[in-house]
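Just below sit the structures, each encoded as structure tokens.
Below are two complexes that have chain A in common, paired first with chain B and then with chain C.
This part shows the complex of A and B:
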């Protein structure tokens, strides 16, 4: 066991960790922004609105993340219109391709989590809001969504951890995230065991931080003790 | 909707078969590991409980891709170090299939540990007590009373894990196993049509997940016989 090498590699692994964090944070935010309208469509009163996001969710949840990344990174370049469009400087970059793929992927899972939570809000609360004269949209904004977000939080925490683990796939399209950094160090030192072990410990560390953060958020959002929820 | 595959259809089919073989083998390994893990987590021995806990926490907390790379590249280092005292100085390499089944099986097993633990704990403890009162030993109680019911209770959870596993098989292409993703990359290299082929691969994965959904529903119906809506 070459402990000195593990210590020496830490700065480079830490830089990889930063990229991993960026990927997860940016695509996490974009994923939530995409997920809200998708989830709202899924709970619509109109059957055709409910049906619109079905294909989106089915495709993104039914295919491997790796295929989705390759479709964006390698696939889009097949079309001349894409290569000549103003978007090409963005779509040429592995970094943005990874973010696009991760955002789309997590948005589908997050939308389903959110849909479940919205449907779990007791109908009596919505009726009460409506009886008080709130229009449907306002009841959704003021009553249903805040309640749903609180209920969705534990499941969303799991989704963030899955996203963190999925972000390792960024290394397959040349990005130097934590896994990518580990792979380049190994290519030079031929010490796979030590470096992958160090990277594994760093991933575990990030997982624990996420678990803690979600627990903290759950406590923050919980109704104050003594009040009925 | 069916893209023009330029004659690479059979190649993709071959890859698909390998993907299915890989998923089934990893699932079998994972179920065994999951049962062992759940047994360890529920055992009376604090050491076994700790081992089970560390196994399921660590393997659920690090990326599947890292596990795959660690097993494929790390295992040969370990195996070579282990073989040296026996006079074997050559290079030892795990086949991508064995490495893939090991890595995916370990990950599946870590999640299955929690599924099985939940299923075992969902069986009313009176049943085990009754069995013990009838004079059955701990092992016999587990085998005859608990285990037959675990299947029904664990099946929905295991089904979800299998879906995840099916998609994770794509990762094994990174270490060179000629499964669907690898074969697709091969076709892309020849035809320079990445979108067409990755889309075709995506549709094949969708087909596999859809078929799995149907099979799982049938299995759950079968496992739930006699436990119909009450």
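This part shows the complex of A and C:
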């Protein structure tokens, strides 16, 4: 095993890791921003509002992420209106196409996690808010969402880890993320074992950091442990 | 805005002594075709404490929840200090009420739940100041001062920064009572406030409610603590199968019940 090569490749792999981090972080933030209104629509009292995001969630959870990336990267460019629109400078870039696809994909999963958490808030706590004169929207914003976010955190941590690993697909549309960087190095050196091993260790490292961050957030947001029941 | 005129007067001797603090008219409610309330009415004057008794299934909790529209009755009306909320029939079937009006009404009616329903992610203080700040628009400092005075009153001054899961059941219920009081409500509804408590913790909560009665607050109390009801209430409402079976001054009702049902109910609860 060529340990020297692994060490030599580290700077390029680290640059790939940075790209992976950017993809996951930006898509994560955009995904959450998209997920909140989708989740709120899913818990609406009105049946037609609940139905609006059904197709969105069904499509994004029901098709492979790779297909979604290809649809954005290769698909959108097929339309002349897209090519001529002001969005083209963005949609031309593989980087932004990956972020768009990842954001949409993770938003569907995150919305479902959040919906479950919102519905798991004990009804009595919501009643207490309403009984004090809070309008429905205020009770949602002040009581239900803060409660739901705390309950959703563990499941959301899982989603971020899945997203991290899914981000390897960005390498299929020319991006030099961690996997992309590894593949370019291998193309020159023909040493897949060493390079993929090194890349795998770096993915593990990132997963470890995510797990730690989520656990820290959980602890920070949880009320202090009770001495009684 | 006549409502403000009555609202600010809590002495019971202000300009409108004849307007009851709370009036409930002909409440009908059913679940899945099963009638739970069949036209229940009542009124409470300023400073009156009314006990609502009845065996389980008599509709007493539902009645209380209909008063602040946690359950929407099929028909009926509720008046608080002269402002009336009436259930309208929708042309499409079903029934509707004015949400804004209900929110305004709820801010004037305190509600204390059997299961406390404190918000576990907020400290005791956070639970108490939430609605005064965000519903009434009180400045934070003022809400905190009000909350501290109330915590002192319910004997929890040293617990303001604890979270609900760090409190005993009795402390949780006292915090919940302080949360309701922080809105300075015209009427307070208690829905079996001690039923979820261990027997040794019941006393501290009843003590707080008794002090509120002595202060002259208008209160409706659904309870199974018959001895407490007799001691603290001015009038009693006895419900049976969704109707008022008997009502009157508590002293008379507990001493000489008119109806057989109330007599049997009292006998079985006073054992």
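FYI, the second predicted complex is superposed on the first by the 226 of 229 C-alpha atoms of A that agree within 3 Å, B and C clash if a C-alpha of one lies under 4 Å from a C-alpha of the other, contacts with A are read in each partner's own complex, and residues count from 1 in each chain.
Simple rule for what comes next: a residue touches a chain if its C-beta (ideal position, glycine included) is under 8 Å from a C-beta of that chain, and two chains touch if they have at least 3 such contacts.
Not measured: the values here are computed from a predicted model.
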TODO: Please indicate which partner A:207 is in contact with in the superposed arrangement: first for chain B, second for chain C, both, or neither.
DONE: first
Open item on the list: Touch test for A:89: chain B only (first), chain C only (second), both, or neither?
Closed with: neither
Open item on the list: Looking only at chain A, is it chain B or chain C that touches more of its residues?
Closed with: B
Open item on the list: Quick check on the superposed pair: does A:221 touch chain B, chain C, both, or neither? Answer first, second, both or neither.
Closed with: second
TODO: Figure out whether A:55 sits in contact with chain B (first) or chain C (second), or with both, or with neither.
DONE: neither
Task: Residues of chain A at both interfaces, chain B in one complex, chain C in the other - done: none
TODO: Going by the contact rule at the top, pick out the chain A residues touching chain B in the complex.
DONE: 58-59, 62-68, 70-71, 74-79, 161, 164-169, 171-172, 179, 182-183, 186, 191-193, 196-197, 199-200, 203-204, 207-208
Open item on the list: So in the complex, the part of chain C that touches chain A is made up of which residues?
Closed with: 68, 70, 99-100, 103-109, 111, 113, 115, 117-121, 130-131, 134-135, 163-168, 176, 179-180, 183
Task: Touching residues (chain side chain B, partner chain A) in the complex - done: 57-58, 61-66, 69-70, 73-74, 77-78, 167-171, 173-174, 181, 188, 192-196, 198-199, 201-202, 205-206, 209-210
Open item on the list: Residue numbers of chain A touching chain C in their complex, please.
Closed with: 122, 124-125, 127-136, 138, 142-143, 146-147, 150, 221, 223-229
